[in-house]
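Before we start, here is the structure in question, set down as structure tokens.
Letters A, B, C, D, E and F name the chains as they come in the text, with residue numbers starting at 1 for each one.
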Amino acid sequence: MDTLLQQGLELMLIGMGVVFSFLIVLVGCTNLMSWFVNRYFPEAVPVPVSTAAFTSAAPAAVDATTLRVIEDAIRQHRARSGRG
Amino acid sequence: MDKLEKLWFSTGLFHIEPGQAIMIAVCLCLLFLAIRKGFEPLLLLPIGVGGLLANIPMAGMAESAVSQALHLGSPELIASIANALGVDPVEGIKALYKAYHQAEPALRMVVHEIARDANYSDGILYLIYTVGLTTGVFPLLIFMGVGAMTDFGPLLANPRTLLLGAAAQFGIFAALLGALALNYLGLNFSLADAASIGIIGGADGPTSIYVTTKLAPELLGAIAVAAYSYMALVPVIQPPIIRLLTSQKDREIRMEQLRPVSKREKILFPIVLLVLVALVLPDAAPLLGMFCFGNLMKESGVVARLTDTTTNALINIVTIMLGLAVGSKLSAEQFLVTETLGILVLGLGAFAIGTGSGVIMAKIMNRFSSMPINPIIGAAGVSAVPMAARVANKVGLEANPQNFLLMHAMGPNVAGVIGSAVAAGVLLNFVGG
Amino acid sequence: MDKLEKLWFSTGLFHIEPGQAIMIAVCLCLLFLAIRKGFEPLLLLPIGVGGLLANIPMAGMAESAVSQALHLGSPELIASIANALGVDPVEGIKALYKAYHQAEPALRMVVHEIARDANYSDGILYLIYTVGLTTGVFPLLIFMGVGAMTDFGPLLANPRTLLLGAAAQFGIFAALLGALALNYLGLNFSLADAASIGIIGGADGPTSIYVTTKLAPELLGAIAVAAYSYMALVPVIQPPIIRLLTSQKDREIRMEQLRPVSKREKILFPIVLLVLVALVLPDAAPLLGMFCFGNLMKESGVVARLTDTTTNALINIVTIMLGLAVGSKLSAEQFLVTETLGILVLGLGAFAIGTGSGVIMAKIMNRFSSMPINPIIGAAGVSAVPMAARVANKVGLEANPQNFLLMHAMGPNVAGVIGSAVAAGVLLNFVGG
Amino acid sequence: MDTLLQQGLELMLIGMGVVFSFLIVLVGCTNLMSWFVNRYFPEAVPVPVSTAAFTSAAPAAVDATTLRVIEDAIRQHRARSGRG
Amino acid sequence: MDKLEKLWFSTGLFHIEPGQAIMIAVCLCLLFLAIRKGFEPLLLLPIGVGGLLANIPMAGMAESAVSQALHLGSPELIASIANALGVDPVEGIKALYKAYHQAEPALRMVVHEIARDANYSDGILYLIYTVGLTTGVFPLLIFMGVGAMTDFGPLLANPRTLLLGAAAQFGIFAALLGALALNYLGLNFSLADAASIGIIGGADGPTSIYVTTKLAPELLGAIAVAAYSYMALVPVIQPPIIRLLTSQKDREIRMEQLRPVSKREKILFPIVLLVLVALVLPDAAPLLGMFCFGNLMKESGVVARLTDTTTNALINIVTIMLGLAVGSKLSAEQFLVTETLGILVLGLGAFAIGTGSGVIMAKIMNRFSSMPINPIIGAAGVSAVPMAARVANKVGLEANPQNFLLMHAMGPNVAGVIGSAVAAGVLLNFVGG
Amino acid sequence: MDTLLQQGLELMLIGMGVVFSFLIVLVGCTNLMSWFVNRYFPEAVPVPVSTAAFTSAAPAAVDATTLRVIEDAIRQHRARSGRG
């Protein structure tokens, strides 16, 4: 039992150790990469940070009615040949 | 007429066990939470239905042909199976089933054939589970899709926030220890069980499912339900913890506008991450590999049609199948045990501790850094994308109506996905290996 | 040059058997019906192409590696297989094949390996059939998709019409009896065959295919073709029967506007149905379970993206594969037999009788009920959704241009789907078990 | 042979019996459910019965030309990166 | 602490072999070509990532459970496997692996089980490869999708151009001979290897992959990479060859407007082609059968929803999986050999010779025909649809700004697809059989 | 070795032979089919040859902006229920 808890503690130490060291290294590599890219391959117009972490959560650029119309169209387009 | 008798014998009512009835009720609750309360419906609805189907008496939709033959078969059939296995039928079904699982593959095939000849065939949920989860294919494909829907822009604009994603993984290991500690209260969790329970704190569905199917498949149902329920409860769980650990002044900290991130950086990041994983952490390669693949497809912009399918048709199909497969593990003997209570408690603890450690990490970083971080966004480090980031934003606005933290919170939020995948790799290596 | 000879020997013309030539012609007819006449093209087109591919001599696209090795292999190869099976090669291919199927799994794998080593591999249609139909996965997934496209509103507005869907299933059992009776005319149908033939009367493609693959796989080709052809012929088959059994006055009956049905009722109905199935009719659980799952996804409205994929990408992919797999069963020795004629006749009878009993049931109900039902909609009880409902509407309009029965007919129409799934459960339980 | 026909008859009786009894029970449960819902959880605006049993057969709410335009758009959108 | 040691032992850096490092670099180049240079990104991106994942040390994502157990397992594990195989462990891994592959299926299952019990499971790339490529399912499904995206209109308007598609296949057999000739330079290509290399000249991805997986799977990585790279390089490879073989006068030839082609002809063509294949060339049936099926779905116009899914969700999903599966074959021991150089050279030669023979064929046809053909379009006969046709159009416009050859070039272009499928059939019949 | 080269040569002869003869036969059948169709089943309005061999390369009938709007709509429509 104790050995089990001990194993658990060990695992925690190693686990958090690996997680932190890996992500710290990743921070380093990322900074290096960004520095390198912006230093040697700068882009004319840099892309601004998109306003959401998920394309799926992209902002609604279309008003509701248009959207509904289009959705109907899509549904029809798909359902063209009826039941599968 | 004997046929009428056979008819009555073939109804569910005649065969239903209390456990099955309770599980059906539990699944109906899951459906209620998914549909009425909007708890992660994309997964809890299929899981609920899968669990319901799995608990239909006599239908055996979640069982192999052999298991059906043993549980529903005629005495003659069971005798012939026992004979094939070289076991005395009187030892009972359990013994037969055990013998079957310990038998050589060739012999198992013979038994499977006997069951097939007696018109028992593998249930569809059993097939989906075997094909998609025991192989790990479903969670990996979903991870690919999630990668194709993730934007690392905010993270690249402020890489330090990766550390918040690291700190938040503390919840995983705390819950792991907690699970082992519960053994003193009479529960019975192996190290593998504890690791699977801990990973709930990763607040990442596919990661939890991937790890659990490899380390403790019998806990899959409870763990998946806990993981997705608590992800849905993030808006309830996190705010009090954040407020507890931060002063009004902390929460009012304004963070400067994130720098624009170039397309090239976004394309290179998944490649850098992938190479780093290859060199340092092979055990996390399947999860992070598929994740980076999806993200590279998205950011490269040259395979739009593949990205489109990955983030729609493919991930949707796999999500349905994954849900049904997970639900098929919601059987009474596996779910209606005190361990499940322990899992629910520990899972909640994992979320809470992860949230807390993320916030505290942010405060520590503020000690040593000139450009301050609003500790609220540390809570987003548990991942639960994008819910946790939205919660951080909401709490931030309460403290200061001009304080838009959403973008800043997305950094630790996606960092949390990487963090828990790394933690999963460690667990699979040390516990599984 | 011997190579030239080998070349000629390797052409289809050299090897084609009359049966294959006829089947190719039959499949071309199916394609004509599907493309030119619009007979259920979504299934008859893939079925036609699948049948054509399955009958290409030497290609063995619908055969296992072993079957190809036995039919196309060199004498040495056949000798080595015979040797492995412990059979004397002179007993001929049929005997070898029989011995192979009766052999133990391990031995079968050895033989399969011998075939593989001789460069024979399982044909793609054989693979699709094995993976998708022997497991029952394809019809169940299609049933899920159909559920996600079904609206139970009209049924909920007037639940009595469920009884019409029940009555129309009489066609199934009448055809079953008919098949057994044909044994006196020299045909040879087992009870399982008869049940599979009867289910044609269910007028529901996936249900017929699901039952037939479990009870009488060798009849699958003929039964599927009959089922889908007659579904396409519903506008031809039903009107005369309806007119025959109803007076002008009957057909003119106006039905009152259906009451509005609330979203909550629509969400609860699939759950109620599912629980009822669980308690009463486990044998129908796979079919109705997946059907209710699909419908719940649709009505809950919380998983729109899953519903969207289910009713488009997923059901379309499965439909293509299902069609090819069914077509792979259109081999000469299985299709060009007198039994096929019997199946076509009985299938037509099943449709006719089902239609009739639906209509008669409606008239009986009018005896005992105050609010009258137009007997025409009873014909929609055979399902064949939504064709039968449209036919009912058309016949109704002929009798009375103000009489719009479409919505009223949709009730019995979807009820017919449930009805035949229930009947399928009974048949699988009593004939299969 | 006769026994086979007899089995068939038996099967018919049981089959139709089960089908009818199951659907009659279902009628009961459905009525109960509807009564219960409308009694205790009435909805503000009840959804009218949609005019088709298949969403795929949904009425064309978009005029043909719009539809065609949109379909082209969809096709382009999908075919963006050409042959698979 | 021993755990720390285990940690270091479990990093990729500790285990990486030079070969793996080089292959990772190679894959990064592939990604660069796919993303930055736009080389067939739809396939080279997944292939590149697949190759990268396959070369991650210790991860074994492209290896079976048994192979992982042998390469990564403890001495005890290897001993128990050796014991099961009846081999002396000292003979080394290679010997064990060989013994495993030569063992009977039942024994192999036992060994696989030993590996599974030691927590090794089949890598995901290995699974995808096994399920999709060894069965031939992936290339066939992609061919179906390509068929559903192909318009035979231009070909039907001028069927003579089929001959250009025939001539261009000369590149296949020239490369085949070349491969055999290279044996004199110390390389080591069997007839099967040579055939697989030759098929690169078919300039048709799925065909090359289908043939190679059947004839020389160990060359798959190199051949697929060569095939797709040269397809992307068509705009570089073809123009000089065309100019070399044609005079300015040749290139200025105006071709008359193509006649309109009726819908009926378009519907009947795939059927005619399919029947012809059935009667004459069964070995090409799988490829051309699926191709015609896809095209018939498109032209018939009655199954629009199936065509839509086939050309989008389905082909995209399969493309992703196919790419990963091909990439999984980019292992150091298979790719970093002199043979690969030979393959790259021969592949280029095949493209060049195919282009040339197409052009020359066009000039020959002009000798014997009244209505002249612009020899440029002969180059499109190698297929590489639609790139080669666009190149022909571009070269034509250089010669004469009024000379639009695109539509005329589409004829030989799609003819080339049929041509190489036919050639593939011959190779599979004579080399594989 | 020589035998191998010889086999290769044989294969080339047979291969090109088959390819040519098959495609020549196909030319014949195609011409026959076209003649037959246009002789006995002529279509009122024959479809003009589409301007590309790939539907996926279908002509852009929609201007860029409309396209973008519609794509947003589609994305929203699909992403309605967020992350999978």
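FYI, contacts are C-beta pairs under 8 Å (C-beta built on N, C-alpha and C of every residue); 3 or more make two chains touch, one makes a residue touch a chain.
Since the structure is predicted, the reported quantities are computational estimates derived from the model, not experimental observations.
Engineer: Would you mind telling me which chain pair, E-F or C-F, is linked by more contacting C-beta pairs?
Structural biologist: By number of C-beta pairs in contact, E-F is the larger.
Engineer: Centre-to-centre on C-alpha atoms, which chain is most distant from chain B?
Structural biologist: F
Engineer: Let me spell it out: compute each chain's centre from its C-alpha atoms, then which one is farthest from chain C's centre?
Structural biologist: A
Engineer: Centroid of chain A to centroid of chain E, CA atoms only: how many Å?
Structural biologist: Here the centre of chain E sits 32 Å away from the centre of chain A.
Engineer: Rounded to a whole Å, what is the gap between the Cα centroids of chain B and chain C?
Structural biologist: 37
Engineer: How far is the middle of chain A from the middle of chain B, if each middle is the mean of its Cα atoms, in Å?
Structural biologist: From the centre of chain A to the centre of chain B is 18 Å.
Engineer: Which positions in chain F are in touch with at least two other chains?
Structural biologist: Expected reply: 14, 18, 54-57, 70, 74, 78-79, 81-84.
Engineer: What parts of chain B, by residue number, touch at least two of the other chains?
Structural biologist: Answer for chain B, listing residues that touch two or more other chains: 3, 41-42, 106, 149, 280-281, 302-303, 305-306, 308, 311-313, 316, 319, 385-386, 430.
Engineer: What does chain B use to touch chain A in their complex?
Structural biologist: Residue list for chain B touching chain A: 149-151, 153-157, 159-160, 162-163, 165-167, 169-170, 172-174, 176-177, 180-181, 183-184, 191, 194-195, 258, 260-266, 268-269, 272-273, 276, 280-281, 298, 311, 385-386, 389, 406-407, 410, 413-415, 418-419, 422-423, 425-427, 430-431.
Engineer: Which chain B residues qualify as touching chain D in the complex?
Structural biologist: Residues 1, 3-4, 7, 302-306, 308.
Engineer: Can you name the residues of chain C that touch chain B in the complex?
Structural biologist: Going by the criterion above, the answer is residues 104-106, 135-137, 140, 214, 267, 271, 274-275, 277-283, 285-286, 289-290, 292-293, 296-297, 300, 302-303, 305-306, 308-310, 312-314, 429-430, 432-433.
Engineer: For a test of understanding, state which residues of chain F touch chain C in their complex under the given definition.
Structural biologist: Contacts found on chain F: 10, 14, 18, 78-81, 84.
Engineer: Sort out for me which residues of chain F touch chain E in the complex.
Structural biologist: It comes out as residues 1, 4-5, 7-9, 11-12, 14-16, 18-20, 22-27, 29-31, 33-34, 37-38, 41-43, 46-57.
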